[in-house]
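Next up: the structures, one after another.
What follows is a pair of complexes built around chain A, which joins chain B in one and chain C in the other.
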Partner chain A sequence: MFLVYPSVDTFRRSLMNSNSTEFVGLESYARVFAKEETQLALLNSLLWMIVFTGVTTALGLLIAVMIERVRYDVIVKTLVFLPMAISFTAAAVIWRFVYGFQPTGFPQWGAANAALTTLGFDSHPFLISKEVIPFYGINNVAVIVAAVWMTTGFAMMVFSAAIRGLPQELLEAARVDGAKEWQVFWHIIRPSIMPTIYVVATVLVISALKVFDLVFVMTGGLFETDVVANRMYKEMFEYREFGIATALSVILLFLSLPVIAINIRRFRRQERER
Partner chain B sequence: MDGRNGMSRRQVIRAGLLSVMAGAGAAVLAACGETQVVTKEIIKEVPVETVVTKEVIKEVAVETVVTKEVVKEVPVERLVKTEVVKEVEVPAEFGTVEVITPWGGAELEAFEAIVKPWEEATGGRVAHEQSPDMFATMTARTEGGHPPDVAVLFGIGHASQLARDGHLVPLETFLNMDEFAEQYSPAFIDMSSVDGTVYGVHMYLYMRGLVWYSPSRFKAQGFEAPTTWDEMIDLSDRIVAQGEKPWAMGTEHDVHSGWQGSDFIQEYVLADHGPQVYDAWGAHEIPWSDPRIKREWERWGEIALNPDYVFGGVDTILSTRWSDAAVLPFMDPPRAYMHQMGSFVFGTIADRFPELRPGEDFSVFRYPTINPEFEGASSGGSGVMVSLTDRPETGSFIRYITSTGTQQLWASTGGFLSSNRLIPLEAYANPVNREIARVFQEAKIYRHGNDNTWGAPLQPKFFESSIKYLRNPDSLDEILADFDRIVADL
Partner chain C sequence: MRPTNATQGLKAIRLQPDTWIQRVIRAASRGPLHLVLIAIALLWTFPSVGLLVSSFRPKLNVATSGWWTAFQLPFEFTLENYAFVLFRRGVGDSFVSSILITVPATFLTILVASFAAFAFAWMSFRLRDFLFFFVIALLVVPLQMTLIPLLNLLGFFKLNATYLGIWLVHMGFGLPFAVFLLRNFFAALPREMLEASQVDGASSRVVFFKIVLPLSTPALASLAIFMFLWIWNDLLVALIFLGGSPELVPGILPPVSADRGPLTLTIASLVSSRGADWELLTAAAFVSMLLPLVVFFALQRYFVRGLLTGGLRG
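Take a look at the complex of A and B:
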C-alpha cells in the first residue's frame, strides 16, 4: 500500500503535463532526454554508479583484507567506520569546509586548500573546478570523495565479517602450499566472498543512484555536478515541472530494476545450490 | 460551569485589549503628547468595558509604551471602530499563528521584536519557521494539505501562482481595504493582486540598484562615488592601476545560487532600455535572445568576467557566499572597494562590523546611470506576505503586521524598507537606511523585479543560468535560446 500507491501515482503523473492536469503521454520522457540539464544529471548519476561503487567496494575490501593481519585492527575499523555515524547532510557541510576556497595569497579556511597553499601550490576551487577528467568535471570527483569517505566503513565492516567467516584451515593450507598473500586473496578470499561483494555492490549502486543530500548541500547541483535525485527535487519543487520530475523518478526506478533483478537471480541460484 | 465563566470574561478582556491594541498597533495613535487622550477614548469605545478591571488599564499603559512610534495622519476613531467590530469574533483562547519566512539573522531578530507586542496583547503566539527554500516548502505544505497560516513568499510571481491555485485567503477577509489603500500605493497593491483581489502585502521591500562602499575609504583615496557608467569604469580602472580590486562579488546561496546575476541583469535592462522594454520583456513580448537583453548579460560579464575587476576572479565569485562577498570591501585591508547589492545586505555588514559607523564607514550610492534618458530608474523586490488560512488569529496577526504603526516600528529596527507610504524618512534607524529609503522615494522610474513576477520556472532558471553564463560565457546564445523555448512552453 505504502509502496504501490505512490509508485502508481508517480507513473500516472509522469504521463501528465507540468501541473498534472492534462494527459500528454510520453512527452515528459522525451523532454527528460532532450533537456541539457536532465541529460547531465543522468550522465552524472552514471558516473556515480560506476566510480562511487567501484572505489568504495575496492577500498572497503582492501582495508578489510589488510587489517585482518594486524593487531590494532579495532582502532582502524573504528576510524574508518566513524563517518558512517554522521548524517549525509552534516558530512556534506564538513566537506564543504574542507574544500573551502579563497584566492591564492589570502588566508585559506578550507583544509584542502590550506594544505595546498602551505605546500606552496596555488589554491584550487575543488567544487567548481572546470578541469575535466575525460568528459566529467573534476568537481564531480570531489563530491564523490565525500561519499566514499562516508560509505567505505560500511563496505569494510561487511567484508571484514565475511573474511572472518572463512574457514582458517583453507587459508593456512594455501599459505603452507607456498601461495603468496595476493594469491591467497585473489584465488581463495575473493571467490569465497563473492556473494558478499555482490550484495555490497548492489547496496552501493542503489545509494549512488539516489544520492541527494551530498550534492544538494555541497554544490546544489550547479557547476555540472547535478545528479538525478537532485534534478528531480529541482524540477518538482523549484521549477514546478511535475511531469519531468516524476518521469525522472520513473527512469530512476527502471535504472535500479536490473540491479535488483540480478541480485534476486543470484539469491535464488544460491538457494537452489544449497 | 465556572471555568467557562472565567473564560468568557477573559475573552471579553481580550476583546477589549485587542481593540486597544488595534488602535495602537493597527495603525497608530497620535503624536506622543496626545497618546494618553487617545487611549482613554479607545477604552470608551469598547462596548464591554464595564467588566474591564484594573489589570486591563495597566496593560493599556504598557501598550502605549510599546507603540511610541506613532503617526498622526490616520484618524484614530475610525480605525478603532472597525477593529471593534472585527474583534468580537476573537476566540477564548488565542492560538498559534504559524509563519514561514525566508528570514534569518538580523531580519528574523527584527521580526521577532515586532511580533512581541502582538503576542503580549493577544495571548497568541507566533511560531516562526525559517525556510531556506520557499518554493519547495510551499509546494510541499500546500500540496500536502498543511498550509501555514502566514507565509512570506519569495516574489509576487510565487504569490499569484498560489493564489490562482486557490491556496491564498484574500486580504479583504481581514482588512478594511479603504484604509489599506491609504497606506499602500496602488502600484504595490496591483502587484500583489490577482484579478482585482488583493492577496499580499509587500514586506522587506528592497532596492536593487545600489552599490555599497566605504565613504571614509573613498575619501582617503580621493575617490568619488560615480554617477555614470563611464565614471564607474574609470574609477574601476583607477583602482586596478593601484594594484587593487574595485569589485567584490559572490553568487553562492544554496539552491538559490545565482540570483545576484538575475538581479543585476534586470537592473541593467531597466537602466539602459527603460521601463517599456523592461515591461515588454517581463510580459514575454520581447524574447530573451533580443540583442538588447543579451547586451545586459554581457554588461554584467564586463565586470564579473574581468579578473582584474573582481576580487579573486570567477572562481571566487562562484564559491563565495553572497553574504561573505558583501563584507569584502569593509575588511582590513579592503579586498575590494565596491559591492553591487540590494538594500537587504545592510544587516549583514552591520552585524559583521559593529564598529563601523553607518553613513561614514559604510553606505550606498545609487547604481550609476547607464542611459541618461532613464536616469533615476530603480528596480527592487520584496517578500510578499500572504495568508493561507482564515482563522481569527491569522486575521488579527495580518491586521497588526500591516498597520502603519507596526511598519514604522519595523523601519526603526534598521534594514527594513517598508512599502507603507505613510512612513516618513525620519522613521528609519540610521543614515544608510534613510539613504536607501530616499533612493526609493525619489526614484523617477520604479519597477519590481521581473523575476519576482515570473516565478517558476523562469525565476529559478534565471538563477541557474547566470551561474552557467559565468562558467561558460560562450554559451550565452544557447542559454538565451533555452529561455525562449521555456517561454514558448508556458
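Take a look at the complex of A and C:
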C-alpha cells in the first residue's frame, strides 16, 4: 500500500509533463538524457556504483582477512564498524571538518590539509576542487571516501563471518603444505566465499545508487558532484519538474532490477532447502 | 602417548608469561601486518575523535588551530558549545522530536511486521508465496520512487508534517525488510512445537503470543536496533515529509509539541546556515550520535547478527 500505489503513480507521472497535467510519453526521459545536469548526475552515480562498490568490497575483504591473524581483532572490528551506527548527516559533518580548508601558510584546522601542509604540499579545497585526478574530480572522490569510511565495516563484518565459517582444517592443511598467506587467500578463501562477495557487492551497488544524505550535506551536489538521488530531490522540490524527477526515479528502479531478480532467486533456493 | 619429561619441560618454558620485550620482538616480526591494521584502526577513529574533541573547545581555538593541538597546556575545554546548540539552536527540541518520531515508528513497524511475518510463515492462504516474492521485490524499490505520490496521499488525509504521518511513512519503508527478516526467522522455528500446540487446541493468536514471539526475541532485538538506527539517522524522509524546513508546519493530528524537525534535519540546516561555526556543528553532530552509539555498544551482538541474516536495507 505504501510502496505499490506510489510506485505505479510515479511511473504514470514520469510519462507526463512537468506538473503532471498532460501526457507526453517518453519526453521526460529524453529530457533527462539531454540535459547537462542530469547527464552529469547519472554519470556520477555510475562512478559511485563502480568506485564505491569496488573500494568498499576490496577494503572490507582485506581487513577481514588481516584481522583473522591478530589477537586484537575485536578492537579493530569495533572501530571500523562504528561509523555504521551514525547518520550520514553526522558523517558528512565529520568529513567536512576533516576536509576543512585554509589557504597555504595559515594554520590548518582540517586534518587532511594539515597532513598535506606538514608534508610540504599546498593546502587543497577538497570539496570544491574539480581538478581531475586519475579518473575524476577530487571532490567526487572526497565524498566517496566518506562513504567508504562509513560502509567498510559492513563489508568487513559479513566477510569476517564467512571466513570464520570455512573449514579451518582446509586452511591449516594448505599452510602446512607451505602455501604462502596470499596463496591461501587467493586459492582457497577467495573462491569459497565468492557467493558472499557477490551478495555484499549487490547490496553496495544499490546503496551507491541511492546515496543522498552525504552529497546533500557535504556539497549539495555543487561543483559537479551531483548524483541521481540528489538531482531528483532538486528537480522535485526546487524546480518543480515532476516529469524529470519521476523519470529519474524510474531509471533508478531499472538500474536496481537485476538485484531484485537475484534476491528472488536466492529466496527460492533457500525455500527448496527448507 | 604420554609426554616425556623433556617435552613437559619445553612446555613449561613456553607457558611462562612473555616479557614485554619478547612480545615486542614477536610483534615486530609480523610488523607490516600490525602496522597496516593499526593504521586502519587509527584512520577510522581519527575523524570521529576530531569531532568529539572540537565540540569541547572554545570557538576561537576551533577556528584557528587543529583539534590535535588541544592537548597542550593550557588545557582549554568548555561545555558552552553544547549549552548553546541544545538551548539556543533547537538541538534539544530536535532531540526530543527525534525520539518522538523514532520510538513509536520502530514499535509500530515491528508490531505490524510480526503479524505479517507470522502469516507468511505459518498460515496457508491463496497467493501466499506470490505475495512474499512481492515483498522481496519491494525490498529494493528505491525510496525515491514513492516520494511524490506519497506526499500527495498524506496531504489528502491531512497528515503532512504530523507525527502520525511520518510514523506511517517510516513504517511503509521499513516493512518489507522487517517482514522479510522476521518471516525467515519464524519459518526456522521447529514445526513440531507449533503443530503440537495447535493440536492441543491453541488458537493462532495464542501460538503467536505465547510461543512464536517469546522464541523470537533475538530476531526482534536485531530488527528493533535496525529500525531504530534507520529512522533516527534518516534525513531524506524528514526533509520531504516535514516540509523541508526544521520548523514543523503544525498539523492536525497529533499536535506537534516540539516544533522542530528531527536532529538530522536541524544539523543539515545548521550546515547550510552556519557552516563555518565548527564548534556548534561538531557539538550538534555529537548530540545526534549519542544515542546510536549507546545502542551500538550495548547491543552490538544483535546488530551484527541482524546484519548477517538480513543485510542492509537495499
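We take it that the second predicted complex is superposed on the first by the 257 of 274 C-alpha atoms of A that agree within 3 Å, B and C clash if a C-alpha of one lies under 4 Å from a C-alpha of the other, contacts with A are read in each partner's own complex, and residues count from 1 in each chain.
Definition applied: contacts are C-beta pairs under 8 Å (C-beta built on N, C-alpha and C of every residue); 3 or more make two chains touch, one makes a residue touch a chain.
Note that the coordinates shown come from a computational prediction; the quantities given were computed from them, not determined experimentally.
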{"item": "Chain B versus chain C as contact partner of A:Pro125, first or second or both or neither", "value": "first"}
{"item": "Per-residue touch tally on chain A - higher for chain B or for chain C", "value": "C"}
{"item": "Which of chain B and chain C A:Phe237 touches, first, second, both or neither", "value": "both"}
{"item": "Touching partner for A:Trp182 - first (chain B), second (chain C), both, neither", "value": "neither"}
{"item": "Touched partner set for A:Phe254, first chain B, second chain C, both or neither", "value": "neither"}
{"item": "Partner chain in contact with A:Ile94 - chain B first, chain C second, else both or neither", "value": "second"}
{"item": "Chain B versus chain C as contact partner of A:Phe223, first or second or both or neither", "value": "first"}
{"item": "Chain A positions touched by chain B in one structure and by chain C in the second", "value": "100, 216-217, 220, 233, 236-237"}
{"item": "Touching residues (chain side chain A, partner chain C) in the complex", "value": "1-7, 9-10, 13, 63, 66-67, 69-70, 72, 75-76, 78-90, 92-98, 100, 107-111, 114, 149, 154, 157-158, 161, 199, 203, 206-207, 209-210, 212-213, 216-217, 220, 229, 232-233, 236-237, 242, 245-246, 248-250, 252-253, 256, 259-260, 263-264, 267, 270, 274"}
{"item": "Touch list for chain A against partner chain B, complex", "value": "36-37, 100-103, 106, 125, 127-128, 130, 216-217, 220, 222-223, 233-234, 236-241"}
{"item": "Complex contact set, residues of chain B against chain A", "value": "133, 135-136, 139-140, 161, 254-255, 257-258, 311-313, 315-316, 318-319, 335, 456-457, 460-461, 464, 467, 471, 482"}
{"item": "Residue ranges of chain C touching chain A (in the complex, touch as defined)", "value": "30, 33-34, 36-37, 40-41, 44-48, 50-51, 54, 62-68, 132-133, 136-150, 153, 168-169, 171-173, 175-176, 184, 187, 229, 232-236, 239-240, 244, 263-264, 267-268, 271-272, 275, 278, 281-282, 284-286, 288-289, 292-293, 295-296, 300, 303-304, 307-308, 311-312, 314"}
